[in-house]
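Each of the next two complexes has chain A plus one other chain: chain B in the first, chain C in the second.
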Partner chain A sequence: MIDLLITYDVSTETPAGRKRLRRVAKVCVAYGQRVQGSVFEVSVSEVQLVALREKLLQEMDPTEDSVRIYRLRQPREKFVEAFGRDGYRDMSAPLIL
Partner chain B sequence: MRTLLNTLYVQTQKSYLHLDNDNVRVEVEGERRGMLPLHHLDGIVVFGNVLLSPFLIQKLGRAHKPVTWLTEWGQFTARSETPVSGNVLLRVAQHACTCDPARTLAVARYIAAGKLQNQKTTLLRSAREAAEEDAPALRQAARDINAQIAVLPLAETVDEVRGIEGTAARSYFEVFSLMLRVNRDFFWLGERTRRPARDPINAVLNYVYTLLAGECASACQTVGLDPQIGFLHALRPGRQSLALDLMEELRPVVADRAVVTLINRQQLTPRDFTLHEGRTVTLTEDGRRTIIKHFQERKAEEVHHPLTGRKTPLGLIPHVQARLLAQHLRGDRPHYPPYLHR
Partner chain C sequence: MIDLLITYDVSTETPAGRKRLRRVAKVCVAYGQRVQGSVFEVSVSEVQLVALREKLLQEMDPTEDSVRIYRLRQPREKFVEAFGRDGYRDMSAPLIL
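Here is the complex of A and B:
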């Protein structure tokens, strides 16, 4: 699995832009966890990354918006420091609700 | 590398699971408890009163992620069958493995090795807490079992493995009552007797083993293994041989330890037993209740799994082990790694 950080900046000045914002967010939610307003931590396989990138490119408008995908260095616990409210859940730990 | 996907266990009663943007959204009484992207899961196990939306069940079905329904107490009730489930292939692999004496022997050997190692750990741990005069006997028994572990690789048939296991079991049960610190005149163990139990310790052991066997059987079902087709235990109609196999390495850790603890804490006393004519002993209803309560609490305790390196509730170890066995049978793992308790 590859750990990614995805951030986006979608122009919301027009109704079409707001629609794009919702759609971009939706793609990110489907693949990962929202850690901040427009910041997602995503853990995917190579194949899923290709699909995810494709979907993001489809939803965004390259002249108005910006989407950035960063690869996180592993292990995550060592290289990600989070402070304050943190709803992150390790998806490889036992999931018992 | 093949990544292990995770299984979602939902134990909270009155939970509602539904599909939300390719995530499983878990709600309890209208409040959100979790958003779990589907691509992290390879199945969902729900206990008791947990509701799943039809769309979620269908989506899981299409994605080949089975849903297993267990009772609140963990007994298997139902499992969803997906269009292309690994189920039938896993069973075929399991059958093929039992038909291959060399592979059967290898699995049986690992299971026995796990059991003996855990017996040893249990004895040594008790020896540290035991009175001075009892500790040497416990340590000696641990050494005897260690010697049997060394003999295991030489076993050439499953029967020989069973023989080695039996020899170790004799050393183990000979000193079993030395692990007890109270009510020694009442709690004694002659030899292992199953039906009927001849002494109080046998009565308790039989009862706890039954609880544990149920857990292991539902773990097999959950993973898609046939609980009746075992490796170490001989096949016999109606016998859950594989469940009994999986249970072997957990007996000393989960069941025996629980019995020793309950007696030493005096939560289980002579009053909890009924002595019958003809030298048979049974548990009273109060005694049974005490044991179930302790068993449920013990299952929630987290232990470190040496292979996955994660903290896992003891009650989920049978599921983890069944999954590891399935991986071995499918050929994803060179051998079956037993659970070794620290």
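Here is the complex of A and C:
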């Protein structure tokens, strides 16, 4: 499986933008989890990646939005640090990076 | 150098949130570029990473915001696809992933 990070930049100031974010989130969450409002960690096969990319391109507005797909290092949990609302890490604890 | 992706989730609905985003952006852009509204690609040494992490933790509100730091695969440009506003890719062209 391939671990991906998908970041979706969309204006949530308009109802249309919020709707696109909801639809993009739905597509991504089918393959993984929402880690921030518009950031998703997903795991896919090569075949699923093709389908996922196609769905994202269908949902986004290419003139308004930006989608970036990063292929992450594995195991993913070894290469990410999370701070704040979704997982504050005590800085006195050993670092994972 | 270490290539990082920093994603910063903050509410931009309040002036305080927008201010934190501006300050976090300023910190990140010192080490790289802003690729989306709250997504940054930076390159740092191990020493700079310590300083960067510390600055981010100073600027963010841990009860309101979320910061995630991903250590990217290198060379970074080989493992990212960008679509839409900041770099629409013709799907008939060869894929980089």
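Criterion: the second predicted complex is superposed on the first by the 80 of 97 C-alpha atoms of A that agree within 3 Å, B and C clash if a C-alpha of one lies under 4 Å from a C-alpha of the other, contacts with A are read in each partner's own complex, and residues count from 1 in each chain.
Going forward, a contact is a pair of C-beta atoms (placed from the backbone, for glycine too) under 8 Å apart; a residue touches a chain by one contact, two chains touch by 3 or more.
What you see is a predicted model, and the numbers here were worked out from it, not measured in a lab.
Contacts of A:Met1 after superposition on the shared chain: chain B is touched, whereas chain C is not. When both complexes are overlaid on chain A, the residue A:Leu56 reaches chain C alone and has no touch with chain B. By the touch criterion stated above, A:Ala30 is placed in contact with chain B alone, chain C being left untouched. When both complexes are overlaid on chain A, the residue A:Leu72 reaches chain C alone and has no touch with chain B.
By the touch criterion defined above, A:Arg85 lies against chain C but remains apart from chain B after alignment on the C-alpha atoms of chain A.
With both structures placed on the common chain, the touch criterion links A:Val44 to chain B but leaves chain C unconnected. Of the two partner chains placed by superposition, A:Thr14 touches none, neither chain B nor chain C. After superposition on the shared chain, chain A has more residues touched by C, the comparison being chain B against chain C. When the two structures are aligned on the shared chain, A:Glu64 is found in touch with chain C, with no touch to chain B. Taken together, the two structures place residues 91, 97 of chain A in contact with chain B in one case and with chain C in the other. Those residues of chain A lying in contact with chain B across their complex are 1, 26, 29-33, 43-45, 48, 89, 91-97. Chain contact summary for the complex, chain C toward chain A: residues 5, 7, 9, 35-39, 49, 53, 56-57, 60-73, 79-88, 91, 97.
The touching residues of chain B, counted against chain A in their complex, run 3-4, 6-12, 15, 21-23, 26, 33-37, 39-41, 310-313, 316.
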